[in-house]
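You will see two complexes here that share chain A, one where it goes with chain B and one where it goes with chain C.
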Partner chain A sequence: MDNKSQHDKTIDRREFFRKSAAASVAALAGTSVLSSDAMADDPAIMHHVPWGQTWGDPVTKNRYGKPSKYEHNVTRRNTKLLASGNFRASIAVTPIQESMGIITPNGLFFSRSHGGVAHVDPSMYRLMIHGLVEKPIVLTLEQLKKYPSVTRTHFIECPANGGQEWRGPQFNSLQFAKGFMSCAEWTGVYVKTILADLGLKPEAQWMLTEGSDNSEMGRTVPIDKVLDDAMIVWGQNGEALRPEQGYPVRLLLPGWEGNLCVKWLKRLEFSNEPWYAKEETSKYTALKPTGKAIQHFYANEVNSTVTSPSPEIPWTNLNDGDIVEIEGLAWSGMGTITGVDLSFDGGNSYVEAKLKGLVLPKSWTRWSYMHTYKKGEKLLLTSRAMDDAGYIQPTIDQEVSVMGVESVYHRNAVETWEVTETGKVNHVQMRTPGGVKNA
Partner chain B sequence: MLKLNTKFISTASIAAAVAVLTVGCMQNNAEPTGTSTVNGKPTIDGGVIYPVANDKTGPYYVNPQVAADASKIYNGRVPTANEIKVWDKDIQAGGIGLPEGSGSVEDGEEIYEAKCVMCHGDFGSGGGGYPALSKGNAYELQKTLTNNRWHDPEADGPVRVFGSYWPQLSTLWWYIKDGMPHPKSKTLTDDQVYALTAYILNINEIEINGEEIDDEFVLNRENFSKIVMPNVNGFVPKIDGPKGLDNVRTFYANPKNFGAIKVKADERCMKDCQEKTVVVTRIQGAGISNFLPPMSDVRDLPKEDNKAEVKVNVKEVYNNTCAMCHSSYLSPGSADWKPYLSEGMETVYKKAIHGTEGGMPAKGGADLSDANFKLVVDYIVHGK
Partner chain C sequence: MDNKSQHDKTIDRREFFRKSAAASVAALAGTSVLSSDAMADDPAIMHHVPWGQTWGDPVTKNRYGKPSKYEHNVTRRNTKLLASGNFRASIAVTPIQESMGIITPNGLFFSRSHGGVAHVDPSMYRLMIHGLVEKPIVLTLEQLKKYPSVTRTHFIECPANGGQEWRGPQFNSLQFAKGFMSCAEWTGVYVKTILADLGLKPEAQWMLTEGSDNSEMGRTVPIDKVLDDAMIVWGQNGEALRPEQGYPVRLLLPGWEGNLCVKWLKRLEFSNEPWYAKEETSKYTALKPTGKAIQHFYANEVNSTVTSPSPEIPWTNLNDGDIVEIEGLAWSGMGTITGVDLSFDGGNSYVEAKLKGLVLPKSWTRWSYMHTYKKGEKLLLTSRAMDDAGYIQPTIDQEVSVMGVESVYHRNAVETWEVTETGKVNHVQMRTPGGVKNA
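Then we have the complex of A and B:
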């Protein structure tokens, strides 16, 4: 049978929706499989589509490809709550509700800066490494990239991910509740590879890492990390770093606070004493109820979230008996994810979810659980991850009993989505009102 | 359509089976597992590391030739002494690295009024989107750090400003020198930075040698190290001195120190895990939903964004771009504008479009044509 021509379309479409509506009613009433005659023909199948009967773009268009224009709502987003410094000391967060797999496309990778996104001329780029080394060095970009490279998949997470919700949920949104992070495949060189020839002096205990941007972003890194897996990276998902991620070069400390992974990297200095940079005292320190704050809080602890369903993409279109995948992400800056549990009752009881795909150290890890949806069911979906360092996500009460509610940073307690009887999804928290004081 | 070649498939299956057997025998290729100690000491962050073993770190292969050759690769050049000097500008605790110079509280106030007040507010009280530099007497406010809004979200929280929270004065000097004024950083002289630091100490009522820093005070490299911040002992773990790294390792070896939980996988709770006191806590009111752009998962065609046709919405530009600084001072239609207007509107436009010494960024950072930005300026100056 041939496709019909355009002028039959309207009538067909009316017919289609009339019959489809009837079919839905029948389905609700519990009628068994519909006979194919009761179904209207789908005009999306019955007619030629506009893009099927005309030339598409020449291959000479879009020398650097862009997403389909229909995907325009899949973007980083901001909120005025986090608008400081005229959006120059601010953050744009990743739409993880739309993320697939474990890689964030470069254009959606979350973007945080302290003095705006710098645009560095690669011909003017210099990296200086000095201090307690026998032989300091200055490198051009070309010279840096001549070092033998390594490629690793790691997430980067702002330690304030979820940090607006210590005292209770605020964002009815996965993007804002958990989107202060992204995951990419990074290419660069181990710092230890460069140091091998510079001769680190034995008294060197700390490394200052400094950016060349407007804020001259600085942080102190302990030598343990420098000699383990610290990298100087220039590649992100197979291309040069984006300006938002520090083009042409950033530091990457796998699993550690995003702000330690200094962008637009300019200088590394070794010393026997730590520095006290602004972003490791004024901010990125976690105030406990004792009045003492944790400084040098490096690793993002084991964490997870349900990504499907989410407040953004709910279950309002499901029918009774639909078999649906509950999907999520788990990650740990302290090691590799070993398992994820899923609760349907807000964390009172758990079943084991399944890990899927690649399970890599300090990387996003996908997990999955198949669920048969009952129309009208009310659920409290809570995920809980574990890692090979032996950590498990705490409950909100457990974490708050030690950290209080003023810490801002490093909140990794389990989080809950409420699925209402209409399939709408809301961000809620399971906690004891007022908190459980020091357990 | 692809036709299956059965002969090929069976051959491939055998090859695969052989491969599995082979891999099973090759113990050397097993992924090295993580370890939470290094040379007998706990890891620095409480996590595991994956030592290189059998040419692998975790799941990743590494090229063993690199470690062998690395000590012979020197791709750059040795920096000159002058090059190191101009880049090595950091200041460490106690003022190590400070240049010669000095600045008074009085001068600091003058510079502050000219370059800082539009964002940080009168006497450092803070403004839209920029942090407060003082909230009063630092020693009193330091005591608020034990405030915790567990029970009452309306209660007073801890006050974390420079005076009450920061452990080291060196941080302030260093950050002003490198990062301020925010829209035009690295434009202050050393003396100006000393003066601003002195002024900020003054408005926080910080003491030196037991006496409050008054309007007459002059800060210099020598008296800098005598100033002890009220919250100098407010941070854990202790990172200074030869024990610094060990302190950090010990701190993170105990999950209780940072609110973490360790459990053996087969001992984790799977049933009846929750205390009876736990309830569903919902977002209060509407929560935060003023997202830019608004949340949507619709797959449709974007609205044509023809900028030439779009008339600029001055109020929206003001709210998104200008209000952070221009709400408390030089606000729309404010009398503060009088002295500026006496210079003529063209001068005001010029300053607004190109930015000013005082910290106004070019066009306030807005991505608008000159003509459109002038409409925004008109709004801020005249309030309509």
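Then we have the complex of A and C:
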């Protein structure tokens, strides 16, 4: 394969500098609206911008700030295809094609609800903790916040992320294909801290978690997860949770299905058996080819995506010889990302990408690969992540052979962007590496 | 000292659990609006909340989300005391008393400007890089973003943070006393990456950085810092910079004075000598008792504060025997926080606090200490941070003996909260440990 030999070696930053010195300046200057020579001679032109001629806004204008008006297109989005009859039991997805680093700003954090976004008065908020505990209790928000707090960075992902696409691509869009997730810095208390206070009875094996919104979202959580890293959170990226995230309080089960992280949290009840609540029997099970469904399906498996390029971020502006950074995200609900491979031929051969910035457990992890673009090249970009629990993303054929195509949930097979000769990017799926294409 | 013996040993989380099992449940139940017994018997009362009876908002209502209406009081703030004649050349400060973790949400990031908040059209944005470089250039935003990016978590602090208070406390408020700073995850390109591309001439020793707003904020940066970790950033907490932070592009000099991190960045010029621009001669120098002023004063020194309790977060709701988490922030522009000490007697004796969560260089670092509250106790809470550059916060007397009281900038002496018998919290200053008080 051409791509194989071309990408045997990673272009690292050092090489980037060397190559740049020879080639990239010319390329940049060539595409510059104003040539560098003209500008160096006439810096005065830099002063003729309207914002340099007038006073700006007072710093008191926005006591709570908002994005530039020029960013009006970077928003959560929804289509009828994602709405279950209405936009209340629905989802609005995050523009992950525009994401940077590993924090999703609260205004863009994906929003999934079963009965609309509730607006809870914190002074009326109560959390009941009862069942198999020595001291059942009802806590006010103030009492809850007296417990020693922890802050952790974790993603939350809807298990239906990519779930429309078991039979082939539905959305020529990264936001709609993979934007059912976001990542934030959460602040709250470990459930185990509260249980150490209340006293958990030894026979307790399951925890019911229930929301106070009109859907009364209910799910059951095994006690091992509760005592491992389950949190009750009230803080998100340094401020109170947003209403869409369950203000004032939601459950956070790091790495597990988003619907288990019950919002507008009302009640935790401990029992010796699971509840089999509506939302864990009628939904959030995975129908297998045998006709049986998987229940107790919790952790979001290791996954990854290329964010740039993507259908929304094409390479139509690149010139021959440009050195371009291919970027993406990787995540696993089972642990920490240990590596990401990148293929230029739809999964036939892979090279090793680099993990960028903070690499944290059950968090988004950003990765990148420096690539020299050849004008007119056709590529099939596929990423494949690994985690420290020992898992690696399957091919589509591997996943389908086990799960069939009837499940909505937990799709984590590799996916592929087709880069066309003109630099446009299309969402395709390669059932086998480099093989039959579901376009 | 009573406090000394009382706090010889940290109450860690394990101890908290043990003590809680014996005492805290009763305390919590005692202060609960609804008794735990009543609630365990009658869970139906949990259902009589209005948000459980109706549909919530569609997920499509806020494509870009905003805080709960109940959080309307958590905002940036400004007083006439912080405004230089108007609210454009002014500052709006962050409610750090409400901060959690180490991320400041973009809507609350402190906003300092010299000519108001400019609104720059990104399609008209240009960055000129010239002077002692082989290839001077003018970059569009698209060209700038083609460089390989990095993401780093750093605080930005105005060197005047706490600068009103050299002679004593001016604000009985944490937000106004110490809120001239915030911390975020920044995405952009190292200046050294661009310079490797353009070719820096060996005689270049200084970099002028200039903004495109009407104040044309200009400062000079020594080349060592430029080649160390200076960044040109366009991303903040996973989205585009906000207008108040220099949208679309600002300079970031991790750990150095905020005014050096020029916003609405227009121009970088390299030279063999400093510029002595207006903003680094008429301002941002520190007048010493000798009558001479310190120039080239860059890094914000090691510092810390107690965030909870604070004047805004009193202990008036605590009961005798309550175990309460004392929390705070520490930060250093010289490196990584290595430890924080906490005093209950205004700096006479100290115990060791615990660092919480991520500990990153030139970033906010959160710390905490578990304390058993005695009803009626009077405390003088003082924190003292250390960094891996070997610095430790000075006492007020130590700092004043070197700097006098005429400087506005770089005040990093320890500060003290007085906790009164009723749990109210006042901002005081102890000139010597546990000694003469400037109230």
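What we mean here is this: the second predicted complex is superposed on the first by the 383 of 439 C-alpha atoms of A that agree within 3 Å, B and C clash if a C-alpha of one lies under 4 Å from a C-alpha of the other, contacts with A are read in each partner's own complex, and residues count from 1 in each chain.
The working rule: a contact is a pair of C-beta atoms (placed from the backbone, for glycine too) under 8 Å apart; a residue touches a chain by one contact, two chains touch by 3 or more.
This structure is a prediction, so every number in the text was calculated from the model and none was measured.
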- Would you sort A:128 into first (chain B), second (chain C), both or neither based on which partner it touches? both
- Could you tell me if A:335 is touching chain B, chain C, both of them or neither one (first, second, both, neither)? first
- Does the superposition put A:56 against chain B (first), chain C (second), both, or neither? second
- Name the contact category of A:266: first (chain B only), second (chain C only), both, or neither. both
- Task: Figure out whether A:64 sits in contact with chain B (first) or chain C (second), or with both, or with neither.
- Result: second
- Task: Return first, second, both or neither, reflecting whether A:404 touches chain B, chain C, both chains, or no partner chain.
- Result: first
- Message: By the touch definition at the top of the document, which applies to A:140: first (chain B), second (chain C), both, or neither?
- Response: both
- Determine, under the contact definition given at the top, whether A:176 touches first (chain B), second (chain C), both, or neither. first
- Message: Using the superposition on chain A as set up above, list the residues of chain A that contact both chain B and chain C.
- Response: 69-71, 74-75, 77-78, 86-88, 98, 115, 128, 130, 135-140, 143, 146, 148, 150, 152, 193, 196-198, 214, 216, 266-267, 358
- As the complex stands, chain B meets chain A at residues 33-34, 36, 38, 43-50, 57-60, 62-63, 66-67, 69-79, 83-84, 87-88, 90, 92-93, 96, 129-131, 145-151, 153, 157-158, 160, 162, 165-168, 170-171, 174-175, 178-179, 182-183, 185-186, 234-237, 239-242, 244-245, 248-249, 252, 255-265, 268-275, 277-284, 287-293, 295-302, 321, 324-325, 361, 364-365
